[in-house]
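Chain naming follows the written order as A, B, C, D, E and F, and within any one chain the residues start at number 1.
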Amino acid sequence: MPPRNAGRAADELRTVSFERGFYANAAGSVLVRSGDTVVLCTASVSDDLPPWLAGKGKGWVTAEYNMLPGSTSPRKQRDRKKVDGRTTEIQRLIGRSLRAIVDQKVLGELAVTVDCDVLKADGGTRTASITGAYLALHDALAACEEFSPAGRWPLTDSVAAVSAGIVAGETLLDLDYSEDSTAEVDMNVIMTGSGKFIEVQGTGEGGTFDAAQLQSLLAVCSKGIQELTDKQKAALA
Amino acid sequence: MPPRNAGRAADELRTVSFERGFYANAAGSVLVRSGDTVVLCTASVSDDLPPWLAGKGKGWVTAEYNMLPGSTSPRKQRDRKKVDGRTTEIQRLIGRSLRAIVDQKVLGELAVTVDCDVLKADGGTRTASITGAYLALHDALAACEEFSPAGRWPLTDSVAAVSAGIVAGETLLDLDYSEDSTAEVDMNVIMTGSGKFIEVQGTGEGGTFDAAQLQSLLAVCSKGIQELTDKQKAALA
Amino acid sequence: MPPRNAGRAADELRTVSFERGFYANAAGSVLVRSGDTVVLCTASVSDDLPPWLAGKGKGWVTAEYNMLPGSTSPRKQRDRKKVDGRTTEIQRLIGRSLRAIVDQKVLGELAVTVDCDVLKADGGTRTASITGAYLALHDALAACEEFSPAGRWPLTDSVAAVSAGIVAGETLLDLDYSEDSTAEVDMNVIMTGSGKFIEVQGTGEGGTFDAAQLQSLLAVCSKGIQELTDKQKAALA
Amino acid sequence: MPPRNAGRAADELRTVSFERGFYANAAGSVLVRSGDTVVLCTASVSDDLPPWLAGKGKGWVTAEYNMLPGSTSPRKQRDRKKVDGRTTEIQRLIGRSLRAIVDQKVLGELAVTVDCDVLKADGGTRTASITGAYLALHDALAACEEFSPAGRWPLTDSVAAVSAGIVAGETLLDLDYSEDSTAEVDMNVIMTGSGKFIEVQGTGEGGTFDAAQLQSLLAVCSKGIQELTDKQKAALA
Amino acid sequence: MPPRNAGRAADELRTVSFERGFYANAAGSVLVRSGDTVVLCTASVSDDLPPWLAGKGKGWVTAEYNMLPGSTSPRKQRDRKKVDGRTTEIQRLIGRSLRAIVDQKVLGELAVTVDCDVLKADGGTRTASITGAYLALHDALAACEEFSPAGRWPLTDSVAAVSAGIVAGETLLDLDYSEDSTAEVDMNVIMTGSGKFIEVQGTGEGGTFDAAQLQSLLAVCSKGIQELTDKQKAALA
Amino acid sequence: MPPRNAGRAADELRTVSFERGFYANAAGSVLVRSGDTVVLCTASVSDDLPPWLAGKGKGWVTAEYNMLPGSTSPRKQRDRKKVDGRTTEIQRLIGRSLRAIVDQKVLGELAVTVDCDVLKADGGTRTASITGAYLALHDALAACEEFSPAGRWPLTDSVAAVSAGIVAGETLLDLDYSEDSTAEVDMNVIMTGSGKFIEVQGTGEGGTFDAAQLQSLLAVCSKGIQELTDKQKAALA
């Protein structure tokens, strides 16, 4: 097994940074960098609820995920006629993850849309989107008059996500694109800041995995999310 | 906790049956019943490969999933203009699961489409689809001149799937619709007949789950899949 | 002229059977078999009227027709992006045929959708759909509290349909696929149980037909529908 | 029963006229007027055959039907996103009718598209389209070097179409819009110049019809088509 | 530089004619001929306002532009699935041009749609559409009870449009198709009858143009529009 | 007339900056800021020519324009099902503007797509897109082995664009959103670095404009483009 890019250890995250307030006017906008993956997360609050929620005293959080054409090489075509299956899966995942830490009753009859636009893709775009989307959601809510983290506050926890995989038989945390494309098994884990699971998705890419490998993937992801949670706290401090 | 429907134990599967050769003329067609869930799985073999695989000496297996309008009450609208996100997710999952046990080189330049049409939905339609799709795929290949289970054979293993969930704090195997709709956590596991994982998907539905709950869900699913594998073997015997 | 499949006489129907209550929970569901053609007809009642009928004290009956991919060999592609012209024509025909025997005022502000899903296609799928749809509609209405065949009842008659054609110069009743694909002329007739015409469609497939041939086609169809009407009555008895 | 518009007898056609060469440059373009119904029929010849016919030594004739927004009052919306069911049905009917009089082998590997654009709609637009489309097709073929009516000629006959209906119990030929909208039964008949049927479509609009009514409709349509055939011959003379 | 078709001078319009009342029943319908370009403009008035204007006491004018398939050779395909970019641009331009001379408050809560259907295309279809659309709009409003040109009247001016271009270095007014397809620069100007500009669009087609050329194009267009305005007045007199 | 934002003079541009190489891996990517308007321009080179250009020894340049949902407040919906008319118009304009300075033969059989993604919108997004797209195109070509600005070079000139308008009767250069939304007349001018016009588009927004106003708009735009050209040169120096 050759050393990882940038000399990373098997259970080491890539360098992560969060640039809050990337747009001056937007309610909450955060530029997330995780290694060479760059995602712009923007949360917009409105009172335009989906019809099936209107008048129930509850709010809703949804997400849209998109890769800019220049984010990959060769250029990725835009989703202009229909949204492809992968995109749909990812944005449903982001939405579910955020709703797991939202008290919809405290939120009240508001709809929040979190846009995750991938400016540069080097693996882990869905997990970086979730980790950044939490901060954008936090800041958009904090900018609403009726809410404050210290007062009435719709968020019950934080949320972060990370990937891991088995590459050439070894369990690696936070795969970049070159690792991801050769992984035999790919796992995404989404957890709250308090250490509860929201989602676990492990997929044999062509291959399969045994119980021991499953446990090692879960372990390394839990460790990674704990570190991401700390970085989120630091960014909000 | 009230007793389960039909007096099932927490770790007990619903009654499963497989009706092979449901269509006289189709290459492989299997009617799967799992409790009140009924899925018609039909595998069709052609040489109409996707363009990106043409001339590579390899085959491809894909799946389509569909719920008939009358399979639910109230009636479900047909996907006639676009396929909804859930459907796309499920049929991608079925396709991935089948490909994990197919040797694409042995298959050669053939394309297999497995249609999973849900005639009646009472929870667990995606896992029943996978468990039945394996049999339809098996039979469609066995009907091809160039293949036989005892000779040149593109399948390297069998595959089956089952769900589990946490309902009112208890871990239950193989949820029916009434259980699924009140589950706090929902897990789908897909494994080979030889006991390897192909896919693990655990989702907190509104809620979250801790490490102990994750382990109990994995354990009960492994047990269920072993039983389904035995039933598949019996059906093919 | 070679003998017909299964030794049928020129004016003889295929073996027909109706399996009522195919789905336990659906309001009305009937599996129709006409020779090797198998159609699942399911009627669903709701109060979700089309906007242009709302508040007029009248109901509406509409139909959807669909062939499952495995119903033909080679596999038929699903209508997932748009509905093809033939499908549209057929489901409009089924809807018109049913509405001809419905008293919309007695039905009241209810909408009935009858789904005709072809499980296996061996010619005559549209006529089998209509003949079966009548039974599904009947049973769905009978299951509504406010209606009963002996009391307030929205159906004014029964309806059945059959095809005929000219094959190698001979007039044949109830064409199967092999006959249909070589027919010079194809006719579909839809009639009420009381012997009135609802629809007559005769088409020269490539060829044309003269007045005498038209009359012979009409005669044999009338005979066939009378027999189907008797079988429907028997099924409901 | 009040007298018909313009004092027409029950079995009398509306005033019909054909303006050939409506466009100077188009291969065949005919403006048909039937009472207040006005349709522009334009036939275009190309060698752009549908893929399934390429290289088979045979040609193809197809049709498109369209109502201009201003052809009705109130304005009809354009079919810009999808073609509605009625439009599809009609253009398939026009295409079938024309193909019935075309020898595809003599036509050779050419594709003819006949566009029927309704400029003004007062009932009978589909039948006027067919009657005019024949002339446009004739003229477009006559303008091709390789064909002439006196030499190699792909048309084996002429074709014309007319409607009839039962209005207030009376059989009327060639319904205008006001008659059509109150008709209990509506019939369209398409015949060749030599008196053969291509298509017979009789529909109970809400109601039903008996055998005697069916025969009276067929009789009056045959008479009308004979007159239209004479007018087509005169136009081409 | 060869002489222009029909011996036109460089700054000479093609022969223009307006046939008002082309449809007997439509509120306003005008057939415009400009040389061999023929456009049917039809204005329809309804009270079906776009939602964002409802209840504001103001009206709206919009336009649809369409080329009939037979208007060009080879045949142009219909816009049946989506409207192409050029069509969208043109119909937005027509709508803007008309709204510039409409007092929306005087119009009141009415919506006017002006359909511009190109029957024959020989260059300048968008400008002929605008020039004719004004007349159709005028006549449709004049046919409304509540308006008359001498009384309450929503039009504040007239509008006409013309193209010019630089062909082989020379500035030419009102390009036909053969000129347009070789023009280095193409300009469309839309002006009111009182000599104000509504829109100026000059485009280097592959090439560029200098300030002197820009001025010569503007000058010749102004002259052309003055002449078209006179012809519109004559047509309405 | 109140003073302009940031104390700008009537004929003064907003502060402009160009950040070249915004993406490390993309062939040419430039972040343009013009006041608060921010556009990311990325040029991608491929040999995937449109079919109608294949094998002609010439290349093609096209553009896509898109506003990110968070670029406006309230959030703008994504163009996921269809591209709206405005977007189509703008991206066609950008493409035309770039092609005016490209020698397609020198470019050879290459296709360049320039993506203009608006990250923040404060008026003038289309003109900032063009001005930045030139730099992205320049850098993408310079990164191709076969080209260099000093050697074989497909660009024959530079291109820049600016808007002007008449606001409260005064001619203003380079409108921001607040000015643009109250402008009576809006003009966009696109010119080469050598002072030739590529496109002039002047539109009365509700109102009209006279010849003197047209001249003042043209003059101020020419001045602005000269300044932008200087800044582009400086950025590339």
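The rule is simple: a contact is a pair of C-beta atoms (placed from the backbone, for glycine too) under 8 Å apart; a residue touches a chain by one contact, two chains touch by 3 or more.
Just so you know, these numbers come straight off a predicted model, no measurement behind them.
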*Determine the set of chains touching subunit B that also touch subunit C.*
none
_Contact distance in steps, from subunit A to subunit D_ = 3
_Copies subunit D and subunit E touch via same or different residues, half shared test_ = same
*Express in whole angstrom the distance between the two chain centres, defined as the mean CA positions of subunit C and subunit E.*
52
*Taking each chain's centre as its mean C-alpha position, how far apart are subunit A and subunit F in Å?*
34
*Determine the centre-to-centre distance between subunit C and subunit F, using the mean Cα coordinates as centres, and give it in whole Å.*
60
_Need the CA-centroid distance for the pair subunit A / subunit B, whole Å please._
28
*Residue numbers in subunit A touching 2 or more other chains?*
82
*Considering only which chains touch which, how would you classify the arrangement: line, ring, star, complete or other?*
ring
*asked:* Give the chain order around the ring, anchored at subunit D and oriented so that subunit E comes second.
replied: D, E, F, A, B, C
_So in the complex, the part of subunit F that touches subunit A is made up of which residues?_
23-27, 29, 36, 40, 42, 44, 46, 64, 66, 68-71, 73-75, 78-83, 113, 115, 117, 119-120
*Tell me, which parts of subunit A touch subunit B in their complex?*
82, 85, 88-89, 92, 96, 99-100, 192, 195-204, 206-211, 214, 218, 222
